[in-house]
Amino acid sequence: MKRKAYEYALKQLQKELVGAHRWLQASGKRLLVILEGRDAAGKGGTIKAVTDKMDTRGYRVVALPKPNDREATQWYFQRYVDHLPAAREIVLFDRSWYNRAVVEPVMGFCTDAQHAQFLNDCPTFERMLTDDGILLLKYWLAVDQAEQEERFAERAADPLKRWKLSPVDIAARTEYAEIGRLRDVMLERTHTAYAPWFVVNFNNQRRGRLNLIRHLLDQLPATGVPDRVVELPALPGPPGREKLIDPGFWIDEVF
Amino acid sequence: MKRKAYEYALKQLQKELVGAHRWLQASGKRLLVILEGRDAAGKGGTIKAVTDKMDTRGYRVVALPKPNDREATQWYFQRYVDHLPAAREIVLFDRSWYNRAVVEPVMGFCTDAQHAQFLNDCPTFERMLTDDGILLLKYWLAVDQAEQEERFAERAADPLKRWKLSPVDIAARTEYAEIGRLRDVMLERTHTAYAPWFVVNFNNQRRGRLNLIRHLLDQLPATGVPDRVVELPALPGPPGREKLIDPGFWIDEVF
Amino acid sequence: MKRKAYEYALKQLQKELVGAHRWLQASGKRLLVILEGRDAAGKGGTIKAVTDKMDTRGYRVVALPKPNDREATQWYFQRYVDHLPAAREIVLFDRSWYNRAVVEPVMGFCTDAQHAQFLNDCPTFERMLTDDGILLLKYWLAVDQAEQEERFAERAADPLKRWKLSPVDIAARTEYAEIGRLRDVMLERTHTAYAPWFVVNFNNQRRGRLNLIRHLLDQLPATGVPDRVVELPALPGPPGREKLIDPGFWIDEVF
Amino acid sequence: MKRKAYEYALKQLQKELVGAHRWLQASGKRLLVILEGRDAAGKGGTIKAVTDKMDTRGYRVVALPKPNDREATQWYFQRYVDHLPAAREIVLFDRSWYNRAVVEPVMGFCTDAQHAQFLNDCPTFERMLTDDGILLLKYWLAVDQAEQEERFAERAADPLKRWKLSPVDIAARTEYAEIGRLRDVMLERTHTAYAPWFVVNFNNQRRGRLNLIRHLLDQLPATGVPDRVVELPALPGPPGREKLIDPGFWIDEVF
């Protein structure tokens, strides 16, 4: 998909996202979108595409670091609960409580009992959130390993992207199949009518993003909240200039 | 400035920013960058350009809403202090405590006494932060009113940008000169060797961003911390595929 | 019950509480105690008696004010979740999420649907906490209205206690029977093996406190963690005096 | 001083404290009281005496644990700033930023440069708070070593008090004189008209508490805000009883 075509299509979708956000503002609803998927699948780029044109006061992106010592002893869902949306908010989780469904078991960061407990509790937990009125959508960004390997290689070679390659990413490379198995278990055990899972093909990032956003918009109720009209009355006089009393504050222009 | 040339130059600067961030990581230093300026000057776009390629765990963007009722009764600097950088962090303030230097007095959101108090306390406050070792850089993004008006008109016309136009923005249009006067007072009263002000011409957004980032990089000490090398050992077998047991989870592809 | 006898009995129980706390420290367990009951039943005094001799770093008392505007739109349990115990902590809730079981419906602060939803969700929510390993005990402090009225009258008359009499307390006086009805519904619907309710007679405050603490201790596993022995070596020289260079800092002694 | 006399005098003072609190409520003022002093001097007991009868919603006690790894790299005052009073609040600091004046240097928890920096910054910092309108009072609770030793011995012997004896307390026993020297430096360098130090003799705890509270009250402006009168209308019928449908919820009474 060519950049021009992608940017045009994205812009149309972003207009709809802005409209959806107006609907959220008007209705007082809450929207929680969970993005899961393999390393380098495209979660970060998708979040940028979704939020790029949105009112910065209307959404939050939540990407929690690993729990600190104290958090590790708390109720598993506690530190996520802290970030749930209030009225009129969109929250996007870049990874989520589903760490315990896939990443933690494959890396040995939780016990089998904790994994089993999570699979058991999670639908109940999400049921409470959605019964409370939160809209909850969950996406798995799918990428084949050949494509994933290309992206890893690119990250390793590009100084602007190398920080994205964590030791966990590298360790997970030999666990592609096991991650797939855990993903299937997760989908089967935690897909519900009130908090459904959707899988999106991200072998092509641009198509993946567009498809995901289109799908997300289609899950929302009719969003026909008209935009306000902004009037800009004429200025009372000639436009001003940015003129400093002390011109020494200007920095040199090298571009 | 053409898009291609801008993107090329920006990419070079972003490589240096990533290097600067490695230096911050290695040295444990703290960096606080304050962006101030008129509405539509380009603060948000600059922050996106600075952070676009940075490790998301290494920086924070702080854009505080107006204080709530309880905060309004607290020590003026209190809610900003909460967001100061810890070791190895870059914090970018999209507006800052300097609200009280320009926006609040011009809009009548503070008293003259509070304004005077602020101008008096601010250098002392910043002195404590910088004596503590925080690197503090302050930028004013300058834009002439003719250019600003064009951007306002574009925002009013574009559904993707309309949310950026707040009632305060519109009210401030007739106060261009007064804002300039308050800016001069601010520069004169709060520019110090340890927390200097720099003014950047943002009549052209692309040039403004590049000049600001170039300048910012030049304020930092030598940042020659070599990047780590990431090795990707060969996979043990053929690359896996993202194959679901239940293909019903795939969403339709429309792109 | 005489003061001397009460104080002696309480001291014995406090020793056991300190021992129980050592067990919590050693085992890494978490304990959550919920105190509910009518106004003036004795919740605050009981919490003081429980915590009076405890290591101040080992417990927290949580008495949340009414939710602010933003909190009121969040998931009902969210603001309570924030205060759940981490390892080695005792948390005492002076009122709790059970506000929605009794106070809110009787005062018209929630809808019937919200009340019904709460009664439905609460056991599930508590199940998740206790499955996660949190010990959860719930006490209703019972007081007959004649006794309650005496305490109200005392509060109204005593300037040291008048602040305890809130408008809600006074409004609830005519709802004694309805509160009793809602209490019965609450007990029936939310008493579970993993998060049981206990009702304690608080018509006599001293007896009530002692009975509650005795009962609470009896719910905990064997707590025989021996106390450490603290050695105080002899001082190297004669004991020092608090002698100021500038005696002007001493305040006048009037007692 | 006999218990009866102490309790009577304390009660009179507590009535005045409740009145002072009404004045704070009415005026919207903020009060910050810092309690410093040697281990076992009586800080905790004084805070209990001050707050025992106060409206629990009107004050906060702040006793911060040692900073965590991240906090240790932040601006020294940052974690304390978080707890400053808002309008209508009394905040009591059980130890404070003055840790860096006495405890940290004597225990080697800070460098000489950090100690010097603190002594330099502290009056400036407190100046900003008090210029902002916060009332700030600072008390050093003085105790001679012979008395302190008796209290240590009592704590070591009493299972209800042993937790109060920390390794730092014991290590500080040989540093009594050095702590006195640092206290004098602190008093000299950080006593100001706007944030004065007062030293109170706590060799007798009861007298110490009464003298401190008397003095504190005398620092406040006239506090003659009359108490509200609370009316309790007659109940519409005979008083109710706490009668459960299921009497199985009552716990056994053993007292």
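By letter and in written order, the chains are A, B, C and D; residue numbering begins at 1 in each of them.
Just so we're on the same page, a contact is a pair of C-beta atoms (placed from the backbone, for glycine too) under 8 Å apart; a residue touches a chain by one contact, two chains touch by 3 or more.
Predicted model, so just to flag it, every value in this text is computed and none were measured.
Looking at subunit A and subunit B, not one chain touches each of them.
Residues touching across the subunit A-subunit C interface largely coincide between the two copies, over half of the numbers being common to both. Centre-to-centre, using mean CA coordinates, subunit A is 45 Å away from subunit D. Subunit B and subunit D have Cα centroids separated by 40 Å.
Inter-chain centre distance (subunit C to subunit D, centres taken as mean C-alpha positions): 22 Å. Shared contact sites, meaning residues of subunit C that touch two or more other chains, are absent.
Pairs of chains that satisfy the touch definition comprise A-B, A-C, B-D, C-D. Residue ranges on subunit D touching subunit B, taken from their complex, read 28, 30, 70-71, 73-78, 81-82, 84-88, 117, 121, 124-125, 127-129, 131-132, 134. Those residues of subunit C lying in contact with subunit D across their complex are 1, 9, 11, 14-15, 18-19, 38, 44, 53-58, 63, 65, 140, 142-146, 148-149, 152-153, 155-156, 159-165, 170, 173-174, 176-177, 180, 183-184, 187-188, 191, 197-201, 206-207, 210-212, 214-215, 227-228, 230-232, 235-236, 239-246, 249-255.
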